[in-house]
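In what follows, structures are represented as structure tokens.
Each of the next two complexes has chain A plus one more chain, namely chain B in the first and chain C in the second.
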Partner chain A sequence: MSKVILEVNDLTTKYITRFHEDVYAVDHVSLKVEEGKSLGIAGESGCGKSTLALSLMGYYFPPLHFTSGEIIIDGQRITGMDPDTVRRTILGTEIAYIPQAAMNALNPTRKIINFIEDVILAHDPKVSRKDIYDLARERFEILGLPEDVLQKYPVELSGGMKQRTVIAVSVILAPKILIADEPSSALDVTSQKMVIKMLLDLMEKGMIKSMIFITHELPLLYNVTDDIMVMYAGQIVEKATAQEAVFDPLHPYSKGLMGSIIVPEKGLRNLKLSAIPGVPPNLKKPPTGCRFAERCKYVIPECKTHPIDLRETGEGRAYRCIFSEEYLRKVYQIG
Partner chain B sequence: MADKISSCLKGEGLTKIFGVGRRKTLAVDHVDFDFCEGKIVSIVGESGSGKTTLAKMLLGLIKPTEGEIYFQGKKRDISSQKKRREYWKNIQAIFQDPYSSFNIFNKIDAVLLDCIKMRDGKKLTNEQKVAMMAEACSFVNLKFDELTNKYPFELSGGQMQRLMIARIFILKPKVLLADEPTSMIDACSRATILDMLMKLRDEIGMTIVFITHDIGLAYYVSDTVYIMEHGRIIESGSADEVILHPKEAYTQRLISDVPKIHEEWDLSTVQYSVS
Partner chain C sequence: MKGYKKYFLNKLLWFVITLVAAVILNFILPRLMPGDPVAGIVARLAQGMSSSTGMKAVYEKYAELFGINKPLLTQFFLYVKNIFQGNFGSSFTQYPRPVLDIIKSSIWWTVCLQFPAIIVGWIIGNTLGAIAAYVKKGFDKVILPISILIGNLPAFGVAVILLVIFAVDLKWFPTSGGYGFDLIPTMSWQFVWSVIVHYQLPFWSIVLVAIGGQAIGMRSMSIYELNADYVKYARFMGIKDRKIVGYVFRNAMLPQVTGLALSIGTMVGGALVAEIIFSYPGLGYMLLQGILGQDYPLISAVTLIITLMVLIANFAIELIYGLIDPRIKAAQAE
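Let's look at the complex of A and B:
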């Protein structure tokens, strides 16, 4: 077994709203990412994917609050650390984060090289400007970005180019783990492919050791990551390898998600796509039983009364449902 | 019924040039098309290929530099405000961003009521209006009773986009222009929106022009596909023909760029663009 880069045990974080209500957007989440592996997180909007990503960085600011659990990055426990220490010693060097609209966060009055200088100088103020430039040039060359981008302003770059530049800047300090939160959802398919290729290149060339990839595009996750974790209403409902998650999902919610995949392949037009009816529960007052019960086709009365635990089944696989594996497979076959 | 399928929207040599002199940009370049009635037609292309400009010309929001648009066999005339209003009764649109499509001060029943007024409001009693709104909501699987006192921002993106379709259901235009209606919505609710577009076609016989950059969506939903590159239509035909047996290199590239499940997604051929 290879080295574990990121370990999260029972992490719970909450938002406190203006009216002092608690919203548990990440609810007892545990996960492990090994060296050289990538983990995909899937789920519909509002299920807590992005909050999980923010929580993993260990850098909390209101309305997001830490409640319980621990995060260990490469043997170092970052929960309970002072936020300023986290920012100086963890972010950028241990863990890097690409937010959803990263490319819009670039200050239009500064050149790309200035952003790189900012990142490096924040961690080590003694580095000379020439060294920074050389490092940046070398990195850009490996990642297929032309050198003259360094001297350009963000407005001079196209959307896909900006996103790739942001990724290159975020990994300049060779973080151990990169969290990419929907890095390609604002791009067209061609730029998306380039961004994906670049992320995989980063892994291959050892600039990052592991990756967490968040998106709602399942075909993308299937092609990019080794493992897939499906989230629903702040909880993990299924953990599996990419192959299993797409072709043999166990939880009814994952099954529903896999039924809504649209890819340009033969036979798609004859397929009846299954969309999941209804909306996710309000997390201010989460239901006591299974959170998916309201929308589930296979619901029985017990689902709504007992909280349901994540069941481990063999090698790294887990799902959160009252029914047994065999039963679920059987009902899916019948349809 | 006659075998001949009548043409609904037709364009001949449609061209749009932005700017003048040396800063001229050719956005749409002598485009010819013929959209049949009661079909879903997709226009697929990358960003910057002129899809949205073409849509705006069809809606009459911008004036074509050259070329003519024919609506139901007659030359389109939108020279006066009155004629334009008449034209817009026949052609309606859904846009990419459902969050900005609504007046945020209006409650949902007011949004729908507006549409009823626009069509034939004066003749109807209140009960008839409510029944009509409820019918439109049930068409898109929304519960009207729960929605009446809500504001649009209280809904999710998918629900808002469905509400847009409910408006279209009330107005019943001949043509619906859907400009990337699913790109800001969750992948999980995408199928629902596409199914509703197909329902509009099957039950009302609406002609739908579906604009997208995702060829997978186009393949799922449409009868005919037009591929656009740099303002020109480079390939067209039935969905099966164009997507399963593409002729042009550009179409082949668009298809290979979409991640797949059953076939291998080849990343080794990716060329990093320099611009």
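Let's look at the complex of A and C:
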């Protein structure tokens, strides 16, 4: 087994609303990402995947609050560290983040190179401007971005270019792990492809060691990441390799996600398009039983009364359902 | 760059069109006021005179002198011609004093009162607004209601309140004038001190109103910018809060710059209330005197100055904005 870059144990974080209610958007999540591997996190909007991305950074600001659990990056435990230390020594250098709305992620009144200077100087005030410029130019060249982007304002860049610029800026300090929160969702198909190619390039060229890729399109992950985790209502409902999650999903929600998107990939092309009826539960008062029970086709009375644990099936695979693997596979076959 | 140039040529064209329209209105509007300015002057001059033919002669002499017996159109072209020669004519009410002379003596009172007041009000207001947005909680709960209260008080209300409290009741400051009425304008210490004392109440009445409005605007802009996505991203890249606050307030400040430029442009018009209430010898006070005495040349000249300043301020905003905000520059070049 290779080195674990990111290890998360039982992480729980909550939002405190304006009316002082607690909303547990990430509920006892554990995960591991090994060196050279990538993990995809899928789920519909509101399922807690973006909050998980924010929570993984180890740096919290209201309304998000840390509750319990631990985050270990390359052997270093970052939960419980002083926030200023996290900011200076972890953010950007150990773990980096690509926001969901990269369109607005850059300060509109600052040139790209000035922002890169701010990022680097925040971690090491002694670097000279010339060195920063050289580093930025070199990185942009490797990543196939034109050098003149550096001297531009964000408003002068196209959407796809802006997104790729954000990615290049995110990895400027060679972080060990990159968390990409829906980096391609707001883009057209061509730009999406370029962005995903760029992320895979980063891994290949060793600029980052591991990656977490968050998206609402489960099938998209099949080509991008090694492992896939499906989230629902703040909990992990399925953990598997990309192959298994796409072709042999166990949890009814994963199954539903697969069916809700048109996929051009071979072997997936003939799936019938279907929607999962209903909406995710209100996390202010999460249901006691299975959180997916209200929307599940295969629901039985016990689902709603018993809390369901994440069941390990061996080889890192796990799912959160009352039924056995065999039973689920059988009902899926019948359709 | 070509688009940028074209944009400004277009703006310049509109600048000229607006100016022409304003000059025409500045000329016509005072002359549409009911009443006869010469009759008032004659009545003053002819005190004790009993011969009606004598009074008629005086009247006709002045009517001829001021040119108001000519057709309006002729008067207008005469007016325009004179403006181009830098001649605004003689004041009716302070005849034979040239209008230019009146303006020269009063404009500095206005500029020296208004300019520092606007700048001070702008700086204090924006600082308070920014702090309120950043600190939130208690500070915001105090600043916001006070700002809304002061910002919405009419300017004359603030001036009268200050006047009653500090000049009438406490007698700390004089009630009116630019300097003690018993002094002759010289560079003596006594005179300078008198000017400073007379300056305080009109100054703070303008500052207070400006603070309220600016603080409210800056507060909401800052709150908006503090929640922007780039703030979150910058934080996650490990940039220090101090730096990020710098980003936020620079961006929040941009619309406020428009407000600053506009209030500098409308300085003379804006000064009216404070100058009138404190009988401050500035341009606004002169304008009021002109209107009361139907002093056409004086009214036209002062309103022309106001128009020009507003237009120049607007034009300056366009230029400055292109320099400080790349988004606007990009939009201007399109």
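Observations on the model:
Here is the rule we use: the second predicted complex is superposed on the first by the 326 of 335 C-alpha atoms of A that agree within 3 Å, B and C clash if a C-alpha of one lies under 4 Å from a C-alpha of the other, contacts with A are read in each partner's own complex, and residues count from 1 in each chain.
Everything that follows uses one rule, which is that contacts are C-beta pairs under 8 Å (C-beta built on N, C-alpha and C of every residue); 3 or more make two chains touch, one makes a residue touch a chain.
Treat the numbers as computed from the prediction; the structure is a model and nothing was measured.
Clash-free side-by-side placement of chain B and chain C is the outcome of superposition onto chain A.
By the touch criterion defined above, A:G48 reaches neither chain B nor chain C.
Using the contact criterion defined above for the overlaid structures, shared-chain residue A:G289 touches neither chain B nor chain C, since it reaches no partner.
In the superposed pair of complexes, A:P183 makes contact with neither chain B nor chain C. Looking at the shared chain after the overlay, A:H123 reaches chain C, while chain B stays out of its contact range. In the superposition on chain A, A:K197 makes contact with chain B only, not with chain C.
Counting the residues of chain A touched by each of chain B and chain C gives the higher count for B.
In the superposed three-chain arrangement, the CA centre of chain A forms the vertex of an angle with the CA centres of chain B and chain C, and that angle is 70 degrees when rounded to a multiple of 10. When the two complexes are overlaid on their common chain A, residue A:Y222 makes contact with chain B while staying clear of chain C. When the two structures are aligned on the shared chain, A:P108 is found in touch with chain C, with no touch to chain B. Here chain B and chain C sit at a least CA-CA distance of 8 Å once the structures share a frame through chain A.
Those residues of chain B lying in contact with chain A across their complex are 46-47, 141, 156-157, 159, 186-192, 194-195, 213-220, 239-240, 243-244, 253-255, 257-263, 265, 267, 270, 272-275.
Note for the complex: chain C touches chain A at residues 228-230, 232-240, 243, 247, 250-251, 254, 324-327, 330.
Note for the complex: chain A touches chain B at residues 44-46, 144-146, 158-161, 164, 188-190, 192-194, 196-198, 200, 216-220, 222-223, 246, 256-257, 260-266, 268-269, 273-277, 279. Residues 57, 59, 61, 87-88, 90-93, 96-97, 99, 101, 103-110, 115, 118-119, 122-123, 153, 155-156, 166, 169-170 of chain A are the ones touching chain C in the complex.
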